[in-house]
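Consider the two complexes below, in which chain A is the common component and chain B and chain C are the respective partners.
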Partner chain A sequence: MRLIAGVDIGNSTTEVCVGEAAGDGRIRFLSEASRRTTGTKGTEANVHGIKAALDDAMSRAGYPVSDLELIRINEAAPVIGDTAMETITQTVITESSMIGHNPSTPAGAGQAVGYLISLEHLMQGQQGTPYIVTASAKHGYEEVAGEINRLQGVLQIEGMILQADEAVLVENRLNKKIPILDEVREIGMVPEGKLAAIEVALPGQPVRMLSNPYGIATLLELTPEETQTVIPIAKSLIGKQSAVVIKTPHGNVQENKLPAGKLFIKSDRRHVIDIDEGADRIMELLKTAGAVTDIDGEPDTNVGNMLSGIKKGMAKVSHEPEKEIRITDILAVDTLAPVEVGGALAGETCMEKAVGIAAMVKTQKLPMQQIASRLSQELGVAVKVAGVEAVMASLGALTTPGTKLPLAILDMGGGSTDAALIDENGSIRMTHQAGAGELVTMLIGTELGLSERAVAEQIKRYPLAKVESLYHIRMENGLMRFFEEAVDPRYFGHVVLLAGDEMIRIDEGIPMEKIAAVRREAKRKVFMPNAMRALSKVAPGGELRRIPNVVLVGGCAEDFEIPEMLMESLADYQIVCGRGNIRKTQGPRNAVATGLVLSHLGGN
Partner chain B sequence: MTAKEPRILIYAWSPDAEALKQVCAGIEEEGVPVQVLLQSQDTLDNLAYEAAQESVLGSGIGMIQKDIALQLAGCPKGKNVFTYTDAAEFECRNIGANSARAVKRLPFRI
Partner chain C sequence: MNINEELVRRITEAVVKQIQSPKEGQSGRPAVTGGERINAEKTSYASYPRAKKGTDPKEVVIGVGPAFQKEITKTICGIRLEEVLDNLKAGIEEEGMVPRVVKVLKTSDVCFMALEAAKLSGSGIGIGIQSKGTTVIHQKDLYPLSNLELFPQAPLMTLEVYRKIGQNAAKYVKGEPVTPIASTNDPMVRAKYQVKAALLHIIETEQVDEQTGIIEWEGK
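Presenting the complex of A and B:
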């Protein structure tokens, strides 16, 4: 009995397939395993992950690792990917401050203008001056309401800002109704004596006056120049339930604008494009530029910093000098990123136009031989670097029922989207494109303003649901699911992710519909253009219609909606396209590892 | 009986006056109507369960002195959503708010 293992080292996962070469020249597959890739693909750090995956697969097959006759590892494509995101416009710091938030229960819809004064100092208030009273949480609702009722006749009290969640309680006890904001945690940061405008939205509506620059100008009597400076404030208050804008006339006026910059694409000549023109124009230029040798950004601009950041990172992982690093492909996508607004008292942000870029760097041939020798040394098993990744993936993909040559594969991984086309003669064309799963994760993270990458990763992976009662959830497709036992009350009313039998709570308070829309759009923005780009590069004569069938493989082919998105759009070109099912059992995973085991036969 | 109006019901047996006031304040802030009905001696689980069953909104609170339980219609007796013994002021406020947030299908304050 001869045991052979195929090992595929990818950007994010390392996959193993174990097969037995029987006497009759057939391969019997025994087991498989998948582990997170340790270190950057193609470095000796990978050995750790490979060993773990081999252990896993061999114990499943019921043999010790030392029983292996041969380990075949892939000649990994010499490309590594990275992603970066930069806003195109830098927000101007303004001379006003503001608070905008969504308390669940503000009171007394409307707006009010007045000078800020704390409840403690209200006794010293001047007659005839309009006031907005602030009260910290140490004053109870009965005390606050009592004070206001007592002084309302004497002083002109126009509105209130409370720290505690008691706006309705106070309002219910007031003789004269005024707008009241509550749950303002940073009440200590609200400066006394300054002119402020507050607004509480009507139920079911967002604020109208303070999310409009002219509205702020009307309430705070701003000059046209001052109105210009409150635009970011107005923008960041869009969609809020309640808001405060404070005029701080002696604040620092700083304009801090970093130009967005130009992108330089080098092929046979140098192409220049302004990043302001947007992702579509950049991608169009890239398409017509021919064979790209390097991509660069204008120094000291946003895009320049972004690309040099990518190159620095790449230089570090590949141990090559930075000036040797060449970016040979990028995928640019338009996106929105939250930018903190100057003058925000509670970290409010506004969404600014941004561009997300996945870049791909061609490295020197990866030191696979070093990995092989090290692995062989540590395990005492022969290790062979065998076969080009794309060929192996195609071989593996051919084990999908219903496929035949010529066959194209679209390998959607973490760092890059690769395509290969094999025809009946076994000749192969292949391409690697920057941008895949990692870019999707980054887009989801920035557009939803998530602080943790792990959350964005989970949102990418799992469908959403809302816990509508302790006994049922409503899924994003509208269906309901009921439980025998009550769910933990901590999940009640929350948006959750359905990860198998487990529910993961999303704490950000973003509506389910918004999360779903951002998620789908991020996937579409990355994989639609990339699938088209990759497939037309390998298609005979660059014509998509001449590809008869496409098998989707790689981690992102397992996604619950990406394959369907691609199938729909490729159907327009009359291409049979579907998720691979390697060895009839593995789904789209394990194609390369399977191909490596299979190719052992062909090699002999 | 006015129990058939849409209200959260509080079934209380010799409740602590200040605690009851805080529970009601929690509900009032959320803008949901509430009605307190004093009951004869019973267990906390029973009071909460009966209150939830009787409430048209399906949300009920049982209270004995400073022991408070929130129950929702359809949940088995004894499986209270929240139970506090000798509740602190903020716990009283929260359980009131949560009884209302259950009605409004909003996440609980914990």
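Presenting the complex of A and C:
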């Protein structure tokens, strides 16, 4: 009996498969294990993770590690991926001319127009002039309501802006109901004596008048020229619960276009494209550019800094001089990022345009031989670097029931999306594309404005639910699930992630539907174009229809929705596509490690 | 430090004396020494209307302790109980819900008080508050000693915190996510306030009247 182990070192996990080579030339698989990769893929630091995974697998098989006859490790693909994001627009309020935010409880739906006046100066108000009263937090709700009630008969008070969270309290005590906006942090910055329009939306609806340039023009009686200038204001108020627009002579909200810069793609010649043109145009150019040798950005622009940052990071990891690092592929994705508006009065944010980029660097051959000799030294077992990753993955994928040659695999990992096609003659074509799970995580984090990457990572992985009472939750597909025992009150009312039996609470107050939509969109934006790109590169004659089988492997193939998304779109090309099921038991994991053990047969 | 029983007894006596001193607003009854009770008399609420179960789904019931606004008028850190109640109610109102106040005479334990309030509440959400200021938000189906939110360090409470407790309780009714209230923590609080807390709790417990149960307390 001879024991053979296959070891696959990936960007995020190290996987092991142990098999027994029987005398009749068959292989019997005994066990497998998976551990986090220690250090960067392809460096000696990986040895710790490999040893831990081997220990794990061998103890499951019931043998000591020293019983192994041979360890076969993969020739890891010499690509490292990285991601970066930059906003390319910026909204700045140059004078306090607008407030638009979502206080949880404004009061008195409707619109009002009037001149701004503070509660202190209300006594000096003129009869017959409409007013909108501002009150700072130092006036309690009883006092504010009393004052307004006392003067309402004399003066014409149309609306209120409060600093404290007391709109409902004040409104409940008013004799005449008016729209009231609250939680305006910088109330002192609201200029007195200016004409302002205020709008509080009906519950569950956004503001309608002030998010429409003609609505603002109607309320503030603007000329056509002035209406032109309020477009950015109206735009940044879209979707808000309540809003104020103040008519100031020079007051302005600007949407600045940041110097996003140009992208240089080098192939047989140099292609130039402006980042402003958007991700689609960039990807189109990349497709037509041919074999790319390097991608660069205009120095001292956002994109320039972004790409040089990626290169710096890669140089550090691969111990190669920065000049030697060549970006050979990128995936650009359009996205929106909530950014706090400069000069805002109530902490308003605006969705700014941004571009997310995943870049891939081809390094020189990774020092796998060094890892092999160190491992052999430490364990006293023969170690062989055997086979190219993509070939091994294809071999492993062939153990999925229902597959036949020619077979394509789509390996969706953390840093890159790889494809390989193996035909009846055993010849193999393969490709590596930038952009995979890491980019999805970054897009989710950016669009939801999450401060922690770990939260975005979890959102990517698990389905959502809302804890509606202590005894039931509503899942994202609308179904209810009931519990016998009360769920932990800490989860009450929150959106949670269902990680197996456990719940993970999302503390940002973002509605479940929005999180789900952003998550799906991020996955679609990354994996749809990448799967198409990768598969058409390996397809015979570049034609997708000539691939009969696609087996999805790698970490992202385990995702609860990515494989279904791909299946749906590949069904249009008559391709059988599905999540791999390595050795009928392993699902999409362990393909490379299994392939390494199998290749021992063919190799000898 | 040499702490013996004698010292503890003397400190207790000194604190009792201070609490009982006329300028604190209480009638000058004799000190606890030798007596069985701090307040010789027990207030009878037998003539008060008994609290009924509410039917309004927007209702949040605040259950106050037996000595609330009567034998005890200020929290352990000296905030007037009227103001505490006003802020709890304001918080509930700002979130669009409806407050109702009852006095729980059955118990002086804050968790049971809150649970009783929750059971009477039309929404099933209740707030329990001891006269010394300790507060709990409870839900009618939970076990007594579990809770939705507990604010154990009464000496560090402020009116803003009470306002937020009211808001949070209302948010539980609406099924909205509740952001935990940022609160200060002081490890020395226990040591500093232990005697006072114990005495306030005795005063509260003395007024427990299981016969009368729970009474409506709005407007006293």
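Rule of thumb we're sticking to: the second predicted complex is superposed on the first by the 428 of 604 C-alpha atoms of A that agree within 3 Å, B and C clash if a C-alpha of one lies under 4 Å from a C-alpha of the other, contacts with A are read in each partner's own complex, and residues count from 1 in each chain.
Methods note: a contact is a pair of C-beta atoms (placed from the backbone, for glycine too) under 8 Å apart; a residue touches a chain by one contact, two chains touch by 3 or more.
Just so we're clear, the structure is a prediction, and the values are computed from it rather than from any experiment.
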Which of chain B and chain C A:G478 touches, first, second, both or neither: neither
Partner chain in contact with A:G493 - chain B first, chain C second, else both or neither: both
Touching partner for A:E468 - first (chain B), second (chain C), both, neither: both
Partner chain in contact with A:T105 - chain B first, chain C second, else both or neither: both
Contacts of A:A167 with chain B and chain C, given as first, second, both or neither: both
Contact residues common to both interfaces of chain A (with chain B and with chain C): 104-105, 141, 165-169, 172, 468-471, 486, 489, 492-494
Contacting residues of chain C [partner chain A, same complex]: 90, 93-96, 139, 141-142, 146-149, 167, 171-172, 174-179
Complex contacts: residues of chain B adjacent to chain A: 25, 28-31, 72, 74-75, 79, 81-82, 97, 101-102, 105-108, 110
Footprint of chain C on chain A - complex, ascending: 104-105, 141, 165-169, 172, 468-471, 486, 489, 492-495, 507, 509
Partner chain B, residues of chain A touching it in the complex: 104-105, 141, 165-169, 172, 468-471, 486, 489-490, 492-494
